Every structure is written in C-alpha cells, then in structure tokens.
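Read through the structure below, which is laid out as structure tokens, and then see the notes.
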Amino acid sequence: MAYRLIGKDFVPPDVPGKVTGRIKYAEDYARDGMVYARLLTSPVPHGRVVAIDASEALAMDGVYGILTADDVYPDGEPQSTGLKVLTNEPTLMGEPILAVAARDEITAENAIAAISLTIERLPFVLDPLDSLQEGGDNAYNGGNTFIFRQGFAEEKWTADQVASFRSGNEPTAEAQQSWEYGDLEAGFAASDFVHETTFSTAGYPHMSMEPRSAMAYWENGKCYLHGTSQSLSAIAEPMAAIVGVPLEDFVFINEATGGGFGQRARAGSIPSMAIPAKLSQKINRPVMMRVSREEEFTIGGARQGLQGWVKVGFKRDGSMAAMDMYCVSDNGGKGGGGDANSAAAGVSALYQTEAMRFRNTSIGTNTGHRGAQRGPGENQIMAIMAPIMDKAAEELGLDRLEIRKLNAAQNGDVSGPRSTPFTSAYMPEALEQAATQFDWEGKKGRSRQKNGAKVRGLGIGQGYHNAGRSGMDGLIRLMPSGRLQIHNGVGNLGTYSYASTSRAAAEVLMMEWENCDVVTGRTDRHLPITSPQDGSNSIFTNTRTCFGAAQDLLAKMKEIAAMDLGGDPADYEIDGSRIYQVADNTAGMTYAEVAQRGMELGGKFTGEAELPEELNALTALSVSRLAGTGLMGIFHDPRHNDNPPGFTVTFTEIELDKETGKFEILDMVTVAECGTVVHPQGLANQLRGGAVWGIGLSVLERHLYDPQNGLPASSGYWQSKIPTYLDTPAQIGTGWVDLPDPENPVGARGIGEPSMGAVSAALNAAISDALGGHLFDTAPVTTDMIINHIAGVSEEATPLAQNNFRG
Amino acid sequence: MPATSHDVMPDIELYQPTDEENALELASTLGDDGWIVGGGQDTYGWLKDRNKSPAAMIEIAQIDAWKGVKETADGIEIGAVTTLTDIANHPLVQSKFNLLATAAGKVASPQIRNVGTLGGNLNQDARCWYYRRGLDCYRAGGNICYADSPEGLNREHAIFGASRCVAVSPSDTAPALVALDATMVVASASGERLIPAQDFFVGPNRDIVNMTVLNEGEILTAVRLPNEWANAEFYFEKVADRNVWDFALVSVAAAIKVSAGAITDARIVCGAVECTPRRLEAVENAIRGQQRSEQLADQVAAMATDGARPLNYNHFKVPLMENLVKRAIRG
Amino acid sequence: MNPKLTRRRFIKGVIASGAVATSTTIWYAANGQARPAGAVERMIRININGQMRSVDVAPQETLASTLRYKLGLTGTKLGCNRGECGACTVLVDDIPSYACSVLTHSVKNKRVESVEGLEAANGDLHPVQQAFVDELSPQCGYCTPGQVMSAVGLLRSNPNPNREEARQGMAGNICRCGSYDSYLNGVMRAAQIG
Amino acid sequence: MGEIVRYKRDVWGEEVILGVSWDLLWVVAVAVLVLLAAHAIIMAALANKKMEKASSEGRRVLRHETIDRLFHWVMAASILVLIATGTAPILGLRIAWLNIHWIAGLLLTFVVVFHIIRSLFWQDFKSMILGPKDFGEPFDSSKKPGKYTFEQKGMHWAVTVVVLAVIVTGVLLFLQIDTPFWDRTNSMPEDQLGLMFLLHGLSTLALIALAATHIYFALRPEKLFYTRSMVSGWISEDEMTANHDTSLWSPKEAD
C-alpha cells in the first residue's frame, strides 16, 4: 500500500532541540527558591535502620529539611518486594534511606555526612544458589522469594541438589513455575543430536545516560513533578498515587527522557521521583534532586541474570524436536523480572521447537533491583542458543543458514505454552535477505581461516520479541485553524515513535505533516493513556490508537459535511485538508471549516458527549478538560488477536586475535522483520543501537558484586563496561523485509528489542566459530575467558560471575 | 565513604602558581595538605567521592616552564604538564621516540588526553576498585587488602611483586618511559634531583601508600629522553576490555636496537602486571645478540612470566603477557 | 561481632574533611604561619560562547557546575560527573574537554564554547548540528550536546576526516542508545557541508 | 599527641580498630630517654659513695653456657632487626622491610621456643623464678641474690611477656600475608585483625622500651661484667662474691 507519511523519513519535532541542547530533561529545570536534595543510602546490603539522628545536620546553616521512610510510609512500609521511595529495611546496598534538602549540593552533602545512622546488619546473599541451599541466607526479611498474591516465601534445595546443579546436571528440585507442550520424551527419542549443558548469563545495569534526577514543586495544591520516564500518561496515575495526590492535582512533566531501556516504564521502577515531591511538600520549596551515576546504578535496576540447564534435541534433518530448560533466576534485592519465561517462549518462537518444557525458580539476592531491560530473557538466551545451533549444524552436516531456515517461523506458525499463532511471520524471508545483503555464500568459506595469530569467525544470529499491547486510547483534535493536534503520551526516549506513530493519524486524514502538532511533554497538555514506550510496543499499539482516533475524527467530519452539504457521510472523501463530495469535489469544506462547525455543534463532536466506553481514567480526564476546544477524535483500542512478533537476523564476520583475545568486527548486517516500516531512519537507529547493546551483552557488560561484603563494583560507566565507539563497528548494515502485518492498521510491528538479540547471538556464534566451535555457554564472553580458553588455563576459582555462578 | 554516593567537589582551596618558585614554595609550605594537580583527570574523582581530602589543590598546568617538548644536547625534554595529546602529536616525539607518542595516544579517551598531562599520567594513583571506593585498605593506610582473598575481585590486579597490596601500575606512558630509559626531573624548594624512570616508581614492599618516590613538597617537572634509544625499533601494545577509557589488562613497551637482523640491545617493559612498570631484564639478556625472529620470540616468551604469582581471577595475564612480549620481539 | 553499627565517629572525620578549608586556615593561624598567598579570587570574568561573563566561582567548582548552575547553560549534560561518558564535552580553546573534570578557574583565560554557542546569529544550525538532524543521529539526546561538541572540535582540527579518523576523534563520548553509527554518518556529512 | 588506638572504617562504614597510634613511638622514645638519662645522672651523683668495683682478675666462674649466650645474641639481633624493619615504614624509610621482618620474626620464634624448652628441662629454672622475697632485695643491702638479681629477673620476665605477645600476634599477622609457605586468605574479620595489630603494636612499644633499658644497663660500668659474661661466659670469683649469694648460686669454674 502506498502511504504518504508511513514509511517516509521526517524530522521529529524534538530533534533540533536535541542538537542545540535546548530540549529540557528533568535536571535542566530551575524554579525560584529551588533547593537541592541529596540522598543517604544504605551502607549495607541487607539491614534494618535502628535509629537516625539528624539533629546536627538540621542545625546546619542552609539545611531545610529531611525526608525519611517514616514520612513516606506513616503506616509502615509495604511488606512486599519492589522499590520503595525510601526505606528503613534496605535489601540492597545503596538503597535510599533518607533525603536532605539544602541551599546547594555541597551543603546537602555536608548535612548527609553529619547524620548519624544506626543500622542493624542482616545476613546477605549474592548468588541465588547460595540462598537456595538449605541453611543459606535469605535476601528478604520474609524469605528468599516473593510469590504473587501470596507474599514472601522460602525456597530451599538440599545441599546435594545445589551441588549437582552446580556441577552441570539437570536440577532435580521441583520448580516454582513450569509449562510444557508437545511430547518431550518422544522428541528427544527422535533426535539424532542432543546437546545438554548448564549456562549462565549476566544481569547488568541499564545505565541510561540521564540519571533519574527529578524536580518538584507545589502550586495551588497541585504537585508539578519534572521527571524521567518511558511514558507520560501511563505513569501519571500510579505516580500520583506514590506521591499521594489525586490524579487531577498531579502534573508530570517529561519532555525528553535520556534513555530508559525498560527500566523507566512503570512508576514502580522509578519511585525515587517521589522524593523531591514529598520533600517539596514538607518544606514548601521547589526541590531538585540530582541523582548521581552511582545512585543511578544502585537504584536504576538491572537485567536479570539467568543460570540454568538446557537440553536440546535435533532431528537428522535439523529441526529442533525438543527442548528442556530449567532456570534459576536472580530476582535481585527488590524482586522483579520474568526473563526466564520470555527466554523459553523466545526459543519456542524463534526455532519452532516441536516439544518443550520450561521450569523456573526465582530467588532474591541482595543485588540491584531487576526488571525489564531491552529484550528481557530473549536476548540473553539467543546468545547461548546461537552457538548451540551451529554445533547442531556441524554435527548433522548442515549449512548454518539452512538449519535456521528450516526452523524459522512463518505465517501460520504458533509458539509458546498456549500455541499462540503469530499475527504474521516472515523469518525465512528475513534470513534470505540478510544472507544476500551480507553475502553469506561468498563469505562462509572464510570461517575459521587463519592469518598469523588471527582467525576469522562468522556468526548468524536471530532475535525475537513479541509486542502488542491493547486497551490504550487515542485522542486527537482538529483545531479551528485547521491544524491537527495529536495527543500522545508515549514518552520520548529517542525512538521518535511518539512522533512516528502520531503520523498514522495524519496519514488517515491525508494531512500534511507540517499541519500537525504532536501534543506531549507534560500531562497538563491532556494526554490519553498510551502504551509506555517499552517492550517494543509503541509502534504496534500507538499506530492502532492514533489510527483509530483519526478514523473517529474522519467519521465525525463526514457526518458534519453531510449535515451541512447534504448527502450521506459515505458520499464524502478527503484530500488536501478538505472534505468534499466524491461526485462533486467543489462541494466541500476545509478542515478549518469543519472544525469550526464541529465546535458550534459541540456534544459528541467536541468530546462533551457520547464518549467511547471503557476509556481509561486519565484519558477521560483529559477529554473532559479539552471538551469543546476542537473537533475531537477519540478511540479506545479493543483487544487484538494473536501474537505480533518482532524478528531480526544478524550476520557478522569477526577477526579474532588468538594472542590477545581481542577481536574486530569486520562486517555486520542486521535485517528486521517488523511488518510495514513506519520510519526508516528511526528503524535503522533501532537496529544500530540494538547492535551496540548486543555487543555489550555478548562480550563486555558486567554486574559485579564483591562476594565478601556485597559491595557493588560496577557502579560507573568504567567498571560496567558500556560499549564505546571503538568497541563497535564503524558501520552496521541494516535492512528490512517490509511486509505488512494484518493486525495493525498500517501493517507495523515493533522492533527495538530483538534488534539486540540477533547481534548478541551472531557475535557469540562468531566467537565460537573462530575458536573452532568451542561453546562457552555464557554471556558475556570476555577477553580473559578467550585468552584462558586458548591457553588452556583454568582459573582457580570460577571466572568472574557477574553475581551469578558460571557452570 | 562507601555508604553514600558523594558527587560534588567539596570546599577545597585552589592555588594556581604561574612560576616555578611559587609552585615549589607552595608545595613545600602546604606539604601533605596540598595536592598537585596537572590536568586533574585523576584528581577530581577522589575529591568528589571525598575519599581523599587535601586542604588545597596546587594547579601547576599554567607553568609554562614545565610545558612543551624541547630538544636538548643528548635527546629531548618533555615538560610534565604537557598534555598527552600534544605528546602524541608532537613531530619531535613522533620522529625520535614514537614509542611514547603511541603510548600517550592510547591513554583513556581523547578528551582526557586533551587535558591530562604526562606528569599526571605518571603520578596517577592505583585503580584497584576497592581502593577507589574509599575503603581503608593497605594502600589507604589500613591493614587489609580486600582484593587478594579467595573471593576478592582481582581480575585486573598484579601477578608480580605484590606485597600485601596487589594493585597494578595503571599508566600507559610509564612502561614506554622505562623502555626509553628516561630520566625524571624532580624539583623541590631545596633543589632538583634526577631519577631514572625505572627507579621513579615504587612497589608496595617499599612504600605501600605511594606509587612513586616523590617526597612531600616534590614535583615532577620534566622527563628527559636520551638519544641513546632514539629511533630504535619500537613496539607498544595495550590490551584492555574496552578500546576507550579502560586501563590496560596488560601492556608492553619495547625498544629494540637491531643491526643486520641481530638484536644489539633491548629494553622491554610490561605495564599492569605489577605495581610498577615491570622491566624484563632476563628476556632482554636472552635476546641480545640473537637474530630477531619468530623462533626467538617463542623461545624466550616464557621467561617474561617467570615467577609470576597470579591471583584467583587473573591467571589470563600470564599467557597474555607472554604473547605480548612475543609480539614485541617479533616486531 | 556487634551487629549494630554507628557511623558517628567516622562521620566526624567526614565533616572535618568537608569543612577542610576552614580547618586549614585555623591550622595555619594556630601555627603562627601565614597562609600561603596566591589562592584564587572567586569573582572572575570568563569568555563563554564569545561573551565575557562575570561570575562568582568557588575555587573547587567544575566548569560543568558553572555552566549549568551559574550561567543556566543546561545544554551541557552531566551523565557521570567522572569523565567516563562525555555528555559534558565543551570546547576550551577549540579543544574538546570534559566540563565535569575541568575547574572553571583553570579555563578563565581561555575561550569556552558550549552547545548553546554554535548556532549562527540568524538561528541557522551549525553544519554539525544540521548534519545530525539530517542523519537523525540522536536517539535519547542526552549525549548529543557532547557528541556535537566533539564533532565540532574534531572538524576544526581535521576538516576532512575519513570515517576511521572520525571514529577515533569521537571516541570519548558514550552513547548508551548506541547511535554511534548515526553520529559518524552525521560527522561525515558535516565534513562535506563544512 | 593523640590517642592510643587508631580506628578505621570497615567495608560497611563501621568503626573498627586499625592498630596502635604510632605517635606513641615518640612518647615511648622520649619517656625512655628521660628515665634513663635521669638514672644516669643520679648514678653519677652517687658515684663517689659507691663501693669499690670488684676485680675481674682471678678465678673465673661460668655464668652463661655457650649455647645460652648464642641464644641471647640471636634473640637480641632478631629483636633489633624486627624493631628496625617494623619502624622503618613508620619513620618514612622506603625499604623492602616486610620479608626481613617476618624472617627475623620466624628466627625469634624458633629461638624463643628453643629457649623455653631448654630452660624447662636442661637449665636451672628455679634460678629465674621471681618470688616474693626477691622484692625485698633492692631495699636491703645485706641481701644478695642467687644467680640472677631482682632487676635481671624482672627484666627477663617483662621481656618474656612482651616477646611472647609480639610473637603470638606476629604469627597471626604473618598468616595474613603471602609467604613461600602459603597464600593468604585475608579471612580474619576486620575488627579482630585490628585488635591483632593493636596488640602487636603495643607489645612492640613495650619491647622497644625494654630493649632500650636493657641495653642501657648492659652498658653501665657497674654492670659491664654481666655483659662481658654474656660474651665470654664467665665472671670473676670476686665479682660473684661481691654481687651474689654463693649459697644460692654456686657455679662451676669456667674453662
């Protein structure tokens, strides 16, 4: 289908502000009388605050007040996992205990230093298996695991069970969570190649560039909070609840967010923003709380680390007949994360496994709080699976591309525990296109070619993530000026989907983009509930809502035109910001005229009556506040069918230096299969950015906690090894299949997350290839591991385990 | 302090002397209360964290006499506050002592090289994360090492010369200067002394809280490179996790004189394996007089790690160091 | 081992260190010595984006603090405040430097340029800025001002870099979104325009 | 001047003992110097009233066997080396002291163990026992000691206690460093470690004081014959009868 806007590049409205530094992040705001807050955080990985003596600090010149957990939770802290605003029961080192406000940051830090904190130290644990073992310590006060709707519980294995798992065997204990489909035993019986191994992947921090700084002030009983998030609107109601203010008295301001990557999608994962709000309320001054990089690390969360056992069987023809997977997931100090389940479902989707069993037990540790991070689960497991696929191909005498094509998801395929069909799937096409773009046929002969100390490795990776939230709302207004105001609360992380999905509305109304405004940035601009920009959801979900709202508006326009100019609404067509009769295009009205007429008519045309049922609370509030200000298109998105996937394929060639353990990425091509392309430049950015993230997961990024005392060791950019310009290719090839998906009105699906998984998979496969097919069964594979492998050195202790064991 | 993340520069006095006498006088008067700042790239983190608390900074970067590269009778002299970028790009350094130019160009990141000075790079403190976190370890004047224990995170630590403290020399330029047989010019209010580069750095067995032999009130003002090693065949390589910012896991700097294919003299030095740059005299002796070849490199590489004592997580440094020495000899 | 710990005593040490300037003064007085002369004056004039600005700067203040909090130039971002990310990159006499790791007093006799100083008087974007728009180089945008300044600095010293030179020159800037490739496209385009 | 104990923060910020305050080194040095100087002055003032010095000529009796003299001097040397190497870094001397220190410490430990065994089974242990009646000795010029004077016994037992304390704490600290015999584990809790350092430091200070006092008296003219006996083994019969009660100590003749 030929679109005017969909699939075309454009300049998103916030880009000039980004290159000039004019766009404002939370920390860039200032307010008269503003004071500065700093945090006192837990000095222990697990403890209980016994006493706080702040008298000396409060007596200091320029100190305005203190906020403690007792102020935030007068009736006691909630007894559950999850980050708290402030706490007296820290379960991770660096958890905020109190905040002090002062005239400047130095004074605030001096005041923090003058506070006497008495804290009872409790036993801590850093490895889920240590906690799982009988007699092991528990990370939480009520146990070592938290079961939804039941509360804290204790999960223990015998010492033999833990030891057996540690030495590489299938865990024998009953899992907390499991699902299964197909006949697993028959699958393995029918397999000609079976591979069984334990594996581990690192959890590591999000490390968004913008720390979660926030500024708040109160005016006329209303709380204005400048913060950072992946969503303006979805976050508003829960954030208002955390601050303790009615939704209608809460304004959230967030023009731009300096990175989220899954960790800022929900209010519950950024409750620290409530600290300046509460403190401001208490001391009656605007409060800026700048969060340091180290604090961003400790409260900013991390990907879940997985440690597991997997057994995969392949038939002679290469098809994956059976897969059995058992994970022990690290829930960190504050719970959170469902990575293992997504990992298993991802394998099912990507490799079309005929029979599958998944088991998982989630255990807390006193390490960073866990939550979604770009392709949670899928991206870790693909890095483990890709070298195994290559091993299977080698054992069965198949081409590495062929074995992947054979197992690839296509239209009509299903996946996961409930055999959910895909809305559409074109993985074979993606593989083919990427192979052509990369020149697999021409290059595959270079695999394991030596040149002095250097050796070539080639890798093919595949990525998958499913995305497709429903139940969100669309809200647009045609103004008397003829301009279209598209209200979008998606959050502005830099994917530009807030703008590119808004273009679906302009597309429906056949409007010039120059005549459209995206209304976003603060909730008092009256936003509908839209999907947060997370889980690769925004493209699929928000094009549906924008499209739906535009259709509602179009229907209203036709109704008005028919009312004024005669005939039936169906007799009218639009173009050039005009609505006119199909039969006689001189009989028509400009958009400005229709909008003016709509405003005269009022009622349902201007959002004053006949609103769609089931509108979300915030949308309803926004509509009520906007009522009468323009011709309004309103839409509530019903549930869609099936599972909209995002698929990616990456081919890469590396040259690994066997003397230094370092390698260079010579070529990298990523192709996306994400339905119709909405915004090519944005998509290319997602593929490139995903590649950088994939490289981080595959070989660099880490999460270090000192086993002796629970201190976090990777709390900055340096120690957490965020990839740089020189660790990533100077050029990354991109491409896309561009076939429409039937469940989306413009045919589009999301892609942000799988763009990473394919790269981590391809890179791990390429390293394995360069090393003659060696399987590390872990991610990341770091320089020292490669050197040790080549030199035949084994470390006395387990290699650095990123607070996970490595089997 | 481990508990709370400090992040702003605390109140500290600043002196910006513009002439040598004034700087040396300040250094002498302030003694331990003064902190000599070149480019400050290793300083401000300490201060922001409040893990080191001098009363005053003495910024010497504006002293022209200690800046720049000049030719001398028997080599070149580089002022200690010359930036690493200026050294990496300087034609004289590039043409005669390219080893140093290469090493300087591998430090941290472009912006750090733009501001960071040679003196700062040589005098920078250990990068052991326990120490940087502000823990009271041996190096901080305490009585324990957190890194060298069965569970300690010591992947980046020493395989040689540990004495209680297992931190390594983080500098990229230091091994190059030792390989070039440089002389350090150290000034104080009471005069000047010259120290061979090799003796400038000090291990924990002799001084556990300082990484150089500089005394209170002394300032490294210049480095002299003798023509003796000008235009020798040079080899520098640094292996780090990331190719920007990161400190070496192991680095090698070698100056080798070759005549008709035979090695007439050599100085080979490794970084990040010991608290000081580690000169490999046994290897140098073994290759002197030999034909420079792959076989020779393979024969002598194991000597480089003779006596290495790896910790739990840094066994990889042994083969890595041998490989780098091999490459240096192979050329 | 006593499970209760009090931070009282070492905290005293911290306060002492926090108020260290004062205590030194007292020390010198008590020892009958003159405090060394030559400590910096707080009021300085500094050339920012071509304008001489008078500003009260504490001795230990970083350039990033002065720009953001004293002069309201919030385009310079603090990503780590440790010289580990590059978001605060500014030009000092055309040389890219981390504003978080440079003292304001160290640059008072130099030209400081931040991202706010790049646009032409008529509002036209600088070629680097325009190229970054055209290539959609930024994603979240938080590192962008730093990337812009590094690119401007690079192109001033090397107006026609090849892609590898551009990559080396930009290397001191982290982009967590991973937009490196797009920024390099921008730098190469700007070099053509420039 | 400061406190006796230095504190530090452990990893969690809890205050724990770091060790002794080395300011005390100066306190001890000054105190010992003042006391000994005072003693020297008083002795000089009383010099003319003093009785004549016994002659070193004539028959010689054996006071210390060769093996014991050897023990004494090995112990003395190791203690001096230990004090020198232990205080060098405190005084700011940059030497590689630790290996010498623990080797000397091991030597000291061995000879002390040797001496304990020998003294228990082969020597006249009774001669060194400090009983209540010994305390009257300094105040009653008619009372003469057996083999060892009250002062010598006092010094011996003071040194015994202090050296044993130094050795026990030293050995525990020895376990905290890498040696050719083992790799350290760094497993001692930080507060206990600090306590060991404190006790090692305090006993070191005491040992310095005792060693200085001991050397001072060994060099005093009226005691020099004891020192000679520690070198050559004998004292003269005159010296014996002038200073000792031969009913309590009847040594055999020297060779």
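For clarity, chains are labelled A, B, C and D in written order, and residue numbers in each chain start from 1.
Everything that follows uses one rule, which is that a contact is a pair of C-beta atoms (placed from the backbone, for glycine too) under 8 Å apart; a residue touches a chain by one contact, two chains touch by 3 or more.
Keep in mind that this is a model prediction, so the values were computed, not measured.
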{"item": "Chain of greatest Cα-centre distance to chain B", "value": "D"}
{"item": "Leader among chain pairs (count of C-beta contacts)", "value": "A-C"}
{"item": "Distance between the centres, which are taken as Cα means, of chain D and chain B, whole angstrom", "value": "45"}
{"item": "Chain C and chain D, separation of their C-alpha mean positions in angstrom", "value": "62"}
{"item": "Centre distance in Å when chain A and chain C are each reduced to the mean of their C-alpha atoms", "value": "30"}
{"item": "Length of the line joining the C-alpha centres of chain B and chain C, rounded to whole Å", "value": "26"}
{"item": "Shared-contact residues (touching 2 or more other chains) in chain D", "value": "9, 11-13"}
{"item": "Two or more partner chains touched - positions in chain B", "value": "1-3, 7-11, 50, 146, 149-150, 152, 243-245"}
{"item": "Residues within chain A bordering two or more other chains", "value": "43, 106, 109-110, 113, 117, 121, 290, 292-293, 708-709, 711, 717-718, 723-726"}
{"item": "Residues of chain D touching chain A in the complex", "value": "11-13"}
{"item": "Residue ranges of chain A in contact with chain B within the complex", "value": "38-43, 94, 105-106, 109-110, 112-113, 117, 290, 292-295, 298, 453, 659-662, 700, 704, 706-709, 711, 713, 715, 717-719, 721, 723-727, 782-785, 787-788, 790-791, 793-797, 799-800"}
{"item": "Touch list for chain A against partner chain C, complex", "value": "9, 11-12, 14-25, 27-28, 30, 43, 50, 106, 109-110, 113-121, 207-211, 256-261, 290, 292-293, 493-496, 681-682, 684-685, 688-693, 716-718, 722-726, 728-732"}
{"item": "Touching residues (chain side chain A, partner chain D) in the complex", "value": "43-44, 121, 708-709, 711"}
{"item": "In the complex, chain B residues that touch chain D", "value": "1-3, 135-136, 141-146, 148-150, 152, 162-164, 202, 205-208, 213, 309"}
